[in-house]
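Next, two complexes with subunit A in common: one pairs it with subunit B, the other with subunit C.
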Partner chain A sequence: MSTYIELLISGLVLGSIYALMSVGLTLIYGITKVLNYAQGSLFTLTAYLAFVFFSNFVSMNYFVVFFITLALMAVIGFVFEKIFIRPVRRLPGWDFTVIIVTLGTALLIDNLFLVIFGPLQKTLPRAFEGSLVLGAFRITKHNLFIIVAALLTIVILDRFLSKTRVGMSMRAVAQSSEGARIVGLDVDKVFGYSFATAGVLAGIAGILLTPRTLIYPLVGWPVFQKGLVVMVFGGLGSIKGTLYAAFILGMVEIIISYVFGARWALPVFIIILIVVLVFRPKGLAGRWQ
Partner chain B sequence: MAVNCNSTKKSIDNKNIFLWVALIALLVVAPFFFRDSRRVMHILTMCLIWGMVAESWNLILGYASVFSFGQLGFVAIGAYTSAMLSVHLGISPWIGLIAAGVAAGIVGALIGLPCLKLHGIYVGIVTFGISLVMPTLIVWGGQPGYKNLTGGTFGLAGLKAYQLFGFNLGSVKIRWYYTGLVLLAIVLYAIYKIIHSYVGLAFVSLRDSQTFAKSLGVNDYKYKIIVFSISACIAGIAGAFYAHYSRIIDPSILELDIFLLILVMVVLGGLGKFGGGVIGAFIITYINEILRPTGQYRYVILGALVIIVLTYVPSGIRGAIDKLAVKIKAGRT
Partner chain C sequence: MLNTKNLYTSYGELSVVKDVNINVEKGELISLFGPNGHGKTTLLKTICGLIKPKSGEVNFNGSRLDRMDICEIVERGIVYVPEDRNLFTEMTVMENLIMGTNPIRARDSMKENLDYVFQLFPKLERIKDQLAGTLSGGEARMLTVGRGIMSNPEFMAIDEPSLGLAPNLRVEVFNSIKEIQKRGVSVFMVEQSTSMAAEIADRVYLMEEGQIVYEGEPSEVFSDSKLKQVFFGL
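Now for the complex of A and B:
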């Protein structure tokens, strides 16, 4: 019995990480129509940033570093859009070119880490050490923190998108960037904000997950791959569908890993994805246009 | 873009024919200058192989406008088909080459059946996912219980060379080069024929005005599957040639940097422009080779280069050549 509960918790933890990753991806796609292949590199970037902070300012509080890193990620996301995406968007046929530009950026960033930090793995501290014992089963405090933090982030994101001015302008651009431009919104800035938001989301996922996996230059890549599948499974541009998909596939991955071994998770993902897309070509909750 | 239009086809072809003859002559003569350098001959042969892969990708990506990101998967299928036939059954690599094309083509059609019903980026992510899954399958097929079918992570080594008119291609680079050149020429001719056939016309009409073409009864699903399968078949043939040329095939063929390099070849050469993939292959393979001494910095530089080039030469080298040709012509009259 306790094994199943522990599996359930692991599934929730994994689902939370996938949710953060793929909501970032789907947000960018929904608003800017860019498939961001560098999202995994932003994940890795956060992990290394946090590593640098933690190893240089040992006495600093965990949460101070946490929020400083996230603030930096917002700036980096904004600048990323300005440097790499905006010039390409002016060109004809940019929707394809931009994918390869983000892919090139991913190659650049990942190998930069290899040059700077070397291939050796680095460790990141956990938010809380130790574990809680509840009756028959136990849960590490960090895992609990991952789930709570991810859910809290999603709730805040939802409030941000529906209540704030910036959030509403992002949704307006998602519906029609032409229309948003006509009513006087600065679409370029909104694109920048959405990359900043996605940078923060990738950042939260990075800081939360890397204490468990260790940091190496390609750490974001497997998470990104699964994030892509989750995004398509849930339906491009739909945050609600992506959340469902993240937790479903998180559970599936844990069960598959438990029964067959971790390397079968991605093949099973792809099979599920193809089957779902045959019946629902736009994913679980994709918009039908 | 006018290259594909039937009405202007002839004049454009005539204008470019000198360019093509010059290029082919250059490729035929090139080995006489470099025949003593095995390294240069190796690079040139790799250019030809990547050229085939890039051009097959260009066919599906540029002409059929299908976001297919799984082309390396078909390269791997072709390579492994030929390699397994050669290692386990001792079948001649020439038959392996054909089998590789057939196998990749069939798998392509099977994958295309569900995938090509989807739209835009969905196709891209599913095909990308399929090529990501392949290393797992290859490693699994290499377990001892399955008679070490695929050689697992270490790959299949010691593949036999092709026999041609009693010559063994062996380790003589120049023979490989010319065999590769003939293969590339056949592939390019086939692609040219497809583009200028009924199928190619269907795609031009679908690209220029999808709604109108569909209302006239052009079945895009059917044509997409045909071209997807042909493109996979060509990639499979290139993969088989690659496997026997390098004498070893392992799952590293599916790695991300190769994926990016070939994708960049297609885009740099000119997406949807005939011969663009080959031009891109020569440029990128060469750049990749001169960057080799920079060691760790190679991919950093390459990544930066990709971003800069795509931002400032958006229509690719072939597009730039076309523009230049138009300018020269305008200057003359």
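Now for the complex of A and C:
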């Protein structure tokens, strides 16, 4: 029984990471119609930034590093949109061009990691060391922190989107770009805010997961690939659908890994992606546009 | 208050608005008539900054609107009320109205304008928590006008307010537009062939093939059978 509970917890941990990654992707897609292939590289960038902080300021509190890194990711996300996306959006046929631009940027960033940090893996400290034993099962404190932090992030994001003027502006642009211009919203700025928010989400995922996986230049790619499957499975542009899909696929991955081995997880994800595209291209939430 | 000088707008090589000169005084209600596809909406969108003109000027209280971006134009008190609604369909009626207060100039008078919108369209208050995407045509039209009022405008450009509405709702919408004018807001309204839009107007324009071909007072139109035929097909 305890094995199943531990599998369930592992599924929740993975689901939490996929939720953060894919909600960022779907937020950007829903608002800007950009499929951001560089989201995985932003995930990796956060891990390296945190690594630099922890290496140079050993005495710095974990949570101080956590929030400084996230603040930097918000700025980086905003600047990333301004430098790489905004000029492309003004070109004819931009929706295809922007895919190449984000993919190219991802490759550039990943190779910079290789040049700066080398191919050897780095480590990040965990938020909390040790485990909690609750009756018949145990959970590491860091895993518990991942689940709590992810859920808290999702609640804060929901409040941010529904209650703040910036969040409402993001939803407004997603629903009617023309309507947003009519009420005088600066659509360019709103696009920047979306990338800043997605940068923070990728950042939280990066800081939370890399203490488990170690840091290397391409560590963001598997998470990005799975985040992409989650996003399509959930329904492009739908945050609620994406959240459901993240936790469902997190559980699926754990079960597949337990029964057949971890190397089967990605192939199964790709099969799920193909099946979804064939039988329900609108995804769980049915919002394909 | 607002005028255009030799205004031209085109889509690529196709000229849609040609050498248009109009003027709207403070607190005036103007109706612009014309057949479908003759450039009325394009003129409205050009005035409000949604489309950049090819040449000519749009002046508002001494400033050149045609040189500003739309955020700045809205901030100056110009609002476009679109014919095709352009509402935020997955937001509530209330959230749509709040989005109307995006200009900084509208923030201080938000409560006052909200009360006014609910006084003008009491139904909107009853359905304030309903998603805009679930509204009927008439309700959506009221919300579009209400969202425009929330921006605390000095000049409202309203595109075909009666389009697709039942006759009783048309009366309600036109009465509300007259009320908005009484508040000191200048209204420039586009219509195809609704005589009521002329009845409530101070002046009327007729636009054909992108050009203004007639300017006058509604009484002149109603007293001339030829003009009545041209304006309303009567």
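Just so it is clear, the second predicted complex is superposed on the first by the 283 of 289 C-alpha atoms of A that agree within 3 Å, B and C clash if a C-alpha of one lies under 4 Å from a C-alpha of the other, contacts with A are read in each partner's own complex, and residues count from 1 in each chain.
One rule holds for everything that comes next: a residue touches a chain if its C-beta (ideal position, glycine included) is under 8 Å from a C-beta of that chain, and two chains touch if they have at least 3 such contacts.
Only a predicted model underlies this, so the values are computations on that prediction, with no experimental measurement involved.
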Side-by-side fit of subunit B and subunit C on subunit A, or clash: fit
A:229 touches, of subunit B and subunit C: first, second, both or neither? first
Which partner, subunit B or subunit C, touches more subunit A residues: B
A:168 touches, of subunit B and subunit C: first, second, both or neither? second
Angle at the Cα centre of subunit A, taken between the Cα centres of subunit B and subunit C once the superposition is applied, in steps of 10 degrees: 90
A:105 touches, of subunit B and subunit C: first, second, both or neither? first
Touched partner set for A:266, first subunit B, second subunit C, both or neither: first
Partner chain(s) touched by A:151 [first = subunit B, second = subunit C, both, neither]: neither
Partner chain(s) touched by A:52 [first = subunit B, second = subunit C, both, neither]: neither
Minimal inter-chain CA distance - subunit C and subunit B, angstrom: 16
Subunit A positions touched by subunit B in one structure and by subunit C in the second: none
Contact set on subunit A toward subunit B in their complex: 29, 35, 84, 87-88, 91-94, 96-97, 99-101, 103-112, 114-115, 221, 225, 228-229, 231-232, 236, 263-264, 266-267, 269-270, 273-274, 277-278, 281-283
List of subunit A residues in touch with subunit C within their complex: 165, 168-169, 171-172, 175-176, 178-186
Residues of subunit B touching subunit A in the complex: 61, 67, 114-115, 117-119, 121-122, 124-126, 128-130, 132-133, 136-137, 139, 256-257, 260, 263-264, 267, 271, 296-300, 302-307, 310-311, 314
Complex contacts: residues of subunit C adjacent to subunit A: 48, 50, 70-71, 73-75, 79-80, 82, 86-91, 95, 98-100, 102-103, 147, 151
